[in-house]
Amino acid sequence: MDFLMNPLNLMTFFPLVGVAIILLIPRERKDAIRWVAVVTSLVSFFISLWMLSMFHAQNPNFQMVYDKIWMKTGGFEIHYAMGVDGLSILLVLLTTLLTPISIFSAWTAIEDRVKEFTIAFLVMEVGMLGVFLALDLFTFFVFWEFSLVPMYFIIGIWGGPRRTYSAIKFMLYTMVGSVLMLLAILWLGLSQGTFYLPDLLAKGVNLPLHLQSWLFLAFALAFAIKVPMWPLHSWLPDAHVEAPTAGSVILAGVLLKMGTYGFLRFNLSLFPQASVKYAVPIAVLAIIGIIYGAMVAYAQKDFKKLVAYTSVSHLGFVMLGLFALNPLGIEGGILQMINHGLSTGALFLIVGVIYERTHTRDLNAFGGLWKIMPIYGAFSIVVALSSMGLPGLNGFIGEFTILLGAFKSPVLGPVFTIFAATGIILAAVYILVMLQKVFMGPVKEKNLGLKDLNWREITVFAVLTLFIFWIGLHPAPFFNLMGPSVEKLAHGLQAAAVAMH
Amino acid sequence: MTFSDFATLLPETALVIWASALLLVDLFIPKNRKGWTAFLAVLGLAAAFGFALAQGRGMGAGFGGMVVSDGFATFLEAMLALSGGLGILLAYDYLKRQGIERGEYYTLLLFSVAGMMLMAKAADLMVLFLAVELLSIPLYVLSAFGRPREAGEEAALKYFLLGAFAAAFLVYGIALTYGATQTTRIAAIAEAVQAGSANLPLLAFGAGLILVGLGFKVAAVPFHMWTPDVYEGAPSPLTGFMAVGAKVAGFAALLRVLVLAFPNLGSQLVPIVWTLALLTMPVGNLAALTQKNIKRMLAYSSIAHAGYMLVAVVAFADAKAAPAAVAAVLFYLAAYALTNFGAWAVVVAVERAEGKGLEIADYAGLGRKHPWLALAMTVFMLSFAGFPPTVGFVGKFYLFRAALAAGYVGLAIVGVLASVVSVYYYMRVVTTMYMREGQAEAYGDAWLKVEVALTALATVFLGIIVAPMFQWAVQAVLKM
Amino acid sequence: MVLTNYLLALSAVLFIIGVAGVLVRRNALVIYMAIELMLNAANLAFVAFAAEFGALDGQIAVFFVMTVAAAEVAVGLAILVTIFRTRKSVDIDTLHRLKG
Amino acid sequence: MFLSEAMNQTGTFFHLVPWAVLFPVLGLLINMAFGRRMGEKGVAAVAVTASGLSFVVAVLMWLSLRAQPAGATVPFLSWMTPVHIAWAFRVDTLSVTMMLVVSGVGTLIHLYAVGYMHYDVRYKGDPGRYARFFVFLNLFIAAMMILVTGDSYLMLFVGWEGVGLCSYLLISFWFEYDTKGNLSLANAKAGNKAFIANRIGDFGFLLGMFYMFSVFGTLNFGKVFSEAPTVAQTHPQAILVITLLLLLGVTGKSAQIPLYVWLPDAMAGPTPVSALIHAATMVTAGVYLIARSHVLYDLVPAAQHTVALVGALTALFAATIAVAQNDIKKVLAYSTISQLGFMVAAVGVGAYVAAMFHLIAHAFFKALLFLAAGSVIIALERAHHPLPEEGGHDAHHNDDPPDFDPQDMRFMGGLRKVIPITFWTYLIAGLTLAGIPPLAAFFSKDEIIADTKAAFPLVYWLLVLAAFLTAFYIGRQIFLVFFGKPRSHAAAHAKESPWTMTSVLVVLAALSALGGLLNWPHPYLAEWLGHTLGEVEAAGLNPLVAGTSATIAIVSFLLAWWVYGKRPLQSASQPDPLQRPLGWLFTAMQAKWWVDELYWAVVINPYIALCRIAAAFDVWVIDAIVNDTAWLTDFVGEKIARWQTGFVRNYALSVFVGVLLIFTYLLWR
Amino acid sequence: MSIDLLVLLVLALIAVGAALGMLFSRNTVYSVLFLVLVMLTLAVLYLILGAPFVALAQVTVYAGAIMVLFLFAVMILGPQKLAGAGGPIGWQRPVAFGLTLLFLVEVVYAFAAKVGKLGALSCAEAGFGSPAAIGDLLFNRYLLPFEVTSVLLLVAAVGAVVLTRE
């Protein structure tokens, strides 16, 4: 029973209750199924708020830890361990927020096999929350791999014309990295005698640098694919373009964060010296991603593909921040993960809204939509501006902190910031061109009859916009949540950097 | 010869007697009531299962050291008895549906199970050889059980020819081993090596040939080529059973021989086993990629799984790593068995008369028409591919852990990459079921459904609650 | 003086001729015979070792191998006969429906 | 009473400063939520009130500062905690001056826009659109207030980009039309151009801030300025780099070389926008930034020189282009660039007060020029396309040529008779711009020229030349528009604009005319700003310089009369009188020196090509590698499956090969 | 060269020659007969090697029963003559011959050189390999395998019936 008394367990596995209920509902009663799914995920969200209320922001350590031995075999133990700290709490909240939003957003978009769809989403939430909360490498990996499966179905069943190709590509690509990570986890567990993260952190991974480096690289490959970092990103546009809107929202909003979070939680925490060693190459890739993503996004003709490539660019910023290896950069990186989740999630919803109405995503098929859909236009502009980092909105806070962090970083420096900051210009280019093509210019004849947002869509966008402004204008509560944990992490990294030089 | 000798061999003895009796009883069961034979056969297996469990951690050597009842054997016997039972459940409805129902199917299957069990228990190479034959000959016959289906006959002939060919190598290997150590007793071989009285080069040649014989049984590359053809041609329920039973027995023998007879031949044999593992994983997985027939696909996949297990087997010569490696293989065998029976049960359910319904494309639309069956198949495919939270994942985890513990990082890397390849073809089944429109049909009686449900639940359940079974496997490791 | 090596070599030659028979002949019956030859070669080795060691275990093994050979031949010929009924050929190369 | 209650214990209103931002925000929220339902009048009332209240707050600040000239910092809300920067407002003489200008001129222009927007040819009675316009205007006031009152560079930057956003939104306000009301993407593209050019500048600004933070550890004005002298000792290069990076930001926002190109296109926005944002307030933000950072610039003469040179070159360069334009607003746009050049040159030589003086004067007269120009345009449009309530619905019941453009000066002429108020106010503003004494700009410009003469002779000569051209082009414009005889039907039948517009013109005309009193004869402004900008300059008229510049202005204006006024154009199609004497030079000036074309060729087209290449690379290389790996795997799989020939003897051979290999290995081991 | 060796050599030559005969004769019946000859030769060798009972079994069980079974099969299936070469996988023949030759060389080298001298064949003492000794061993130490063979034969019988029953 004490398993369920822990808010983390309760939150993570509560969606399964919804799954059980949905299984009992006849498949014809679609609205009932949808309501159950939304309510279930909302309950998870409220549990996460409960967790937030019990979270002590000043404490840099894991909190609300639930730790049980899962299996104990020949010399080493595998724990089932969950816990939350400043590095993960925001991502957990993001996940519990975005899940109901995306289920809600798919209310009319998904009519076929609603039962399976909602089940996939709820199961997905279990996987995602598990990834962010797991404190044991084995537990983590279980959730990590597991979360692939529902997404595979979401893309593959409810996706566009090339859905099966994209779904399998998504899965295989991700797996290539994660299986090597599995080996690294095994190796680490064997050499250190434990898979339990707090133990590993407490003792410090005691390996020579070259071994640390190999392990670092194995972890990094898995996470870099997930992020995705250039040049391992080519699954992303396919997956995004083919996925249904709600799937894209979750994919961009949460799944990609699993990669960056992995870097944060494992690469930086466990292998500080290797992190220092590889900070520069990773930052270089991140910057290539920033610029390249922005440029390729500009050249897209498909609305959704454009948004997909912006993810490559934005996550480049996140990676740059993390590998600045100082508190500023890491805090910016974490915040930018949240920002990207909100803004890009919202961007995908924007694409979804228009796709649902016109059944096309060709950028040249639109124009002047702001005139006929003013509410839609207004939300879209806010979201787009947030995505291009307009001060006063959330994106700027993250990018500014990241760039400043990189500028002051002990391992990177001004040159990195200079190159990365060009991304801000390029972001303006693609975002503005996108706005121009979709929302400005003369209205096309066939689009004249388009309906503006309905109350459900307004609700969804209003919630996201609220957060966009909140973070943009008053990010302090967010920074406060992560601060101590980041300080602690950065302290270790700084020590490693000193030790290396 | 005492009664206790038989006690050490209780499950096998019981099974053989029961099967012989059933052979006669079957004559008095009317043609349309062959369900009784099946039921009685299952009863016999249940008894064998009970006896196996009753032996617990083992009863020691019997028949003057010809067999040994230890935890290892017990674990495998229990598993084999279960496999026999599941194999019969698999077959009952199918045979009726295909109009080839005859009581001998069940009795021969019992004999085969007895042979497999004996293989797990054999402590002497001659017994091992006889056990191999006892398990194989019924399988040769049963492969052609769908007579006059040509595919089945061709499968039987190929299986038989290659099996006999491989058995000849096995025998010659045993002869050389005998020549090198003056004994065929497994324990005595190791002692002879340790005492220095063995002719090491000769022993190495002998061991090499024994490896060939057993490698054939577990379908290791390049001794694997019979597998796809036989799996495809044989009646589906038999294939399901064979894929588990023969493999389990083969690995049982392989482990016992390598760990107990040749632990000191590491420098000679490890590279060989290493190479077998290295070849088997990619070949199995790559060839499975392009298969259109699900039975063939599963056949290649079974080769691949043998490859994964060989990765752990490589650790046999490392005294420190070997116990964990053996436990890992045992666990994986159990995982594989469960998943495999589930998958084959689905195959059997979907197969129509005249061998139709065996293309992967025939599964299109299953997700809509039979959601539960499709869900179960998905679970099995995920387990095969090694996704958590299924037992297949835990199995792979332990296997690769064993490989890393013994220092075989390269093999482990090849293994995990090969398993990525496997995701593609397993997922293709899932893709077809859910993402293509079609008119998939499913047949099968309640028993088959029970089997599907049970194996699916167990596949997930054992993937989450791992400890008890792994504990059992750990205790079942081989002791000198 | 007769060394075991000589007999072993003889057995090896016979064994290999058996192997060659399996590999090059298309007549299924001859292939069976070749397999028998291989088993016989193994038997020779067993007997030779028994003679070298002065222990009977080797000779016992021969009995078991013979029995197995008999059992195999019985089943093998049965399979062959079954196939022959439909195909009217003992040419092993005509059987290649299962492939790929 | 109310005001005294609002004072805090120190007896000032400083703590009310956030309301300067909050009132407009409130206004825009109301209009956003209810604008559609409130109707034009309601929307206008809310927006004007919001802006007016902001002005009231500015006035209150001014009153408070008189009592307590040191000013105050008013913290509002925590913000960027990792870098310890909060939302905090800085009230000092500099910021309050800007607040007064912004909200004052802003409110006037709000008023003007109430009428103007109603008559805009592109406004087809869509209430949502009308409300949206005022939402943006209020947003602009809010952002501009943040810009000028922010207590740190970061907050300034928020306003800085915020006004850029408003500029973008308003330039492309009629995103579906071009300036003539035809369906087009032109306005949207103009908006993009503005935003992107500004972003390039902001890139420099950002980097400047990063560098600043890394050497100062803060972005707070007070701390930065107090530590600047120390830092100048320890990091001699740092301040130079920072100031130059900020200059890049300035060139974007204040339309200086090389980023000025967006401003002429920005005229695509409705005229009130051009007046408010692209003449009076936003574009002067760069000047404000340098004045605000004067402590830093004073420490690095090299940066100052660069600033001055950029300003002076821009002043001259833009003036040459202005001479040859035909579009009434384009002339004013280049004039704005040129005047901004003056201001930037002024701050470059340390003449901050002069710059601010000119900034204020410019806000008055340039806003007036734009508004009056707007009045002209509306007058022509109303004659060309009478609104339904004015008794006309068919647009082409007149004999205007199809290429008629209400903004093209060639179609005007003789307007002084039909729209007299507009004419007189325009004339006052024009003469102010030209620097004719005793109008405001005479004093301010004179101060600038005087200050540069001592500090930087090259800049001085450039500015003198620019001043000469300034008087010429404004003279040309006045004569082309208002004198001669009408060169189109619309020009002949133009009607004076409604009082909401003309009253604003009159007020601004008065301010333009009398603005000089701010700093002359008594240097009120210098003293006032001195509280913030340090030592009070010894202002006062240098008779020689003043005489020279006055002479130049008058001569130049007369020259314009000689060319354009004496023999006015007879028809719209007649070539410009300067075309013949100046030849290719005139063509070049008319073509804006082909700078846009240059940018397209050197920057934009290559970038687009590069993007396409990258996209192709992504598909044909990066993704292809992935897909080919998959294909190769599949291919190998097929080959391996092909080994499975179905011939059992092959299988036996395979077994045998295995045996052979094992044997061979064991043999040769 | 000792007489033992000479006898051995002669028998070996006969055995190998007969084996090759089996391998190469086109007529299946000849092949059977050649194989019988090999087996008989081996029986003689077994006698020499002190395994009279095995020799007996060899003659009766192998050369007798099993090979007769083969002859029956040949008769049932018809004495088809199949060219050794050619067929759909003609390449296999030369390859197989090459590889077997290589294998032969390797094995002979291995047994001649690699494994060293294995020791001489000891002269069988009286009673060695006699039915009594064999029987004793078979029913005591090798009881289990013996029982297994019985099951094996039962299974084979059942299997043959299952396969051939109409």
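To keep things simple, chains are lettered A, B, C, D and E as they appear, and every chain counts its residues starting from 1.
As a convention for this text, a contact is a pair of C-beta atoms (placed from the backbone, for glycine too) under 8 Å apart; a residue touches a chain by one contact, two chains touch by 3 or more.
Computed from a predicted model, the values in this text were never measured in an experiment.
Participant: Treat touching chains as neighbours: how many steps, at the fewest, connect chain A to chain B?
Facilitator: 1
Participant: Which chain lies the greatest distance away from chain B when centres are computed from Cα atoms alone?
Facilitator: Of all chains, D has its centre farthest from that of chain B.
Participant: With respect to inter-chain C-beta contacts, which pair, B-C or D-E, contains the greater number?
Facilitator: The comparison resolves to B-C.
Participant: Could you name the chain whose Cα mean is nearest to the mean of all protein Cα atoms here?
Facilitator: Most central by this criterion: A.
Participant: If I average the CA coordinates per chain, which chain comes out farthest from chain C?
Facilitator: Farthest from chain C by mean C-alpha position: D.
Participant: Give, as an integer number of Å, the spacing between the C-alpha centres of chain E and chain D.
Facilitator: Chain D and chain E have C-alpha centres separated by 103 Å.
Participant: Please compute the C-alpha centroid of chain B, do the same for chain E, then give the distance between them in whole Å.
Facilitator: Between these chains, centre-to-centre, one finds 31 Å.
Participant: Using mean CA coordinates as chain centres, what's the gap between chain C and chain E in Å?
Facilitator: Spacing between the chain centres: roughly 6 Å.
Participant: Where the CA atoms of chain B average out and where those of chain D average out, how many Å apart are those spots?
Facilitator: 78
Participant: On chain E, where are the residues touching two or more other chains?
Facilitator: 88-89, 92, 96, 99-100, 103, 107, 110, 114-115, 118, 142, 145, 149, 152, 155-156, 159, 163
Participant: Where in chain D do residues touch at least two different other chains?
Facilitator: 630, 641, 644-650, 652-653, 656-657, 659, 663
Participant: Two or more other chains in contact with one residue: find those residues in chain A.
Facilitator: If we look for residues of chain A contacting two or more partner chains, we find 172.
Participant: Touching pairs of chains, all of them, please.
Facilitator: A-B, A-D, B-C, B-D, B-E, C-D, C-E, D-E
Participant: Inside the complex, what are the residues of chain D that reach chain A?
Facilitator: 32, 77-83, 87, 128, 132, 154, 157-158, 160-162, 165, 168-169, 172, 175-177, 183-185, 187-189, 191-192, 195-196, 199-200, 202-203, 206-207, 209-211, 213-214, 607-608, 610-612, 614-615, 618, 622-623, 626, 630
Participant: Within the complex, which stretch of chain A touches chain D?
Facilitator: The touching residues are 169, 172-173, 231, 233-235, 237, 292, 295-296, 298-300, 327-328, 331-332, 367-368, 370-371, 374, 378, 381, 385, 390-392, 396-397, 400-401, 403-404, 407-408, 414, 417-418, 421-422, 424-425, 428-429, 432-433, 436, 439-443, 473-476, 479-480, 483.
Participant: Quick one: which bits of chain D touch chain B in the complex? Just the residue numbers, please.
Facilitator: The contact residues of chain D facing chain B are 630, 633-634, 636-638, 640-641, 643-644, 646, 648, 650-652, 654-655, 657-659, 662-663, 665-666, 669.
Participant: Which residues of chain B touch chain A in their complex?
Facilitator: Against chain A, the touching part of chain B is residues 323-324, 327, 367-368, 371, 382, 387-389, 393, 397, 400-401, 404-405, 409, 412-413, 416-417, 419-420, 423-424, 427-428, 431, 434-436, 466-467, 470-471, 474.
Participant: Once bound in the complex, which stretches of chain D touch chain C?
Facilitator: Interface residues on the chain D side: 641-642, 644-649, 652-653, 656.
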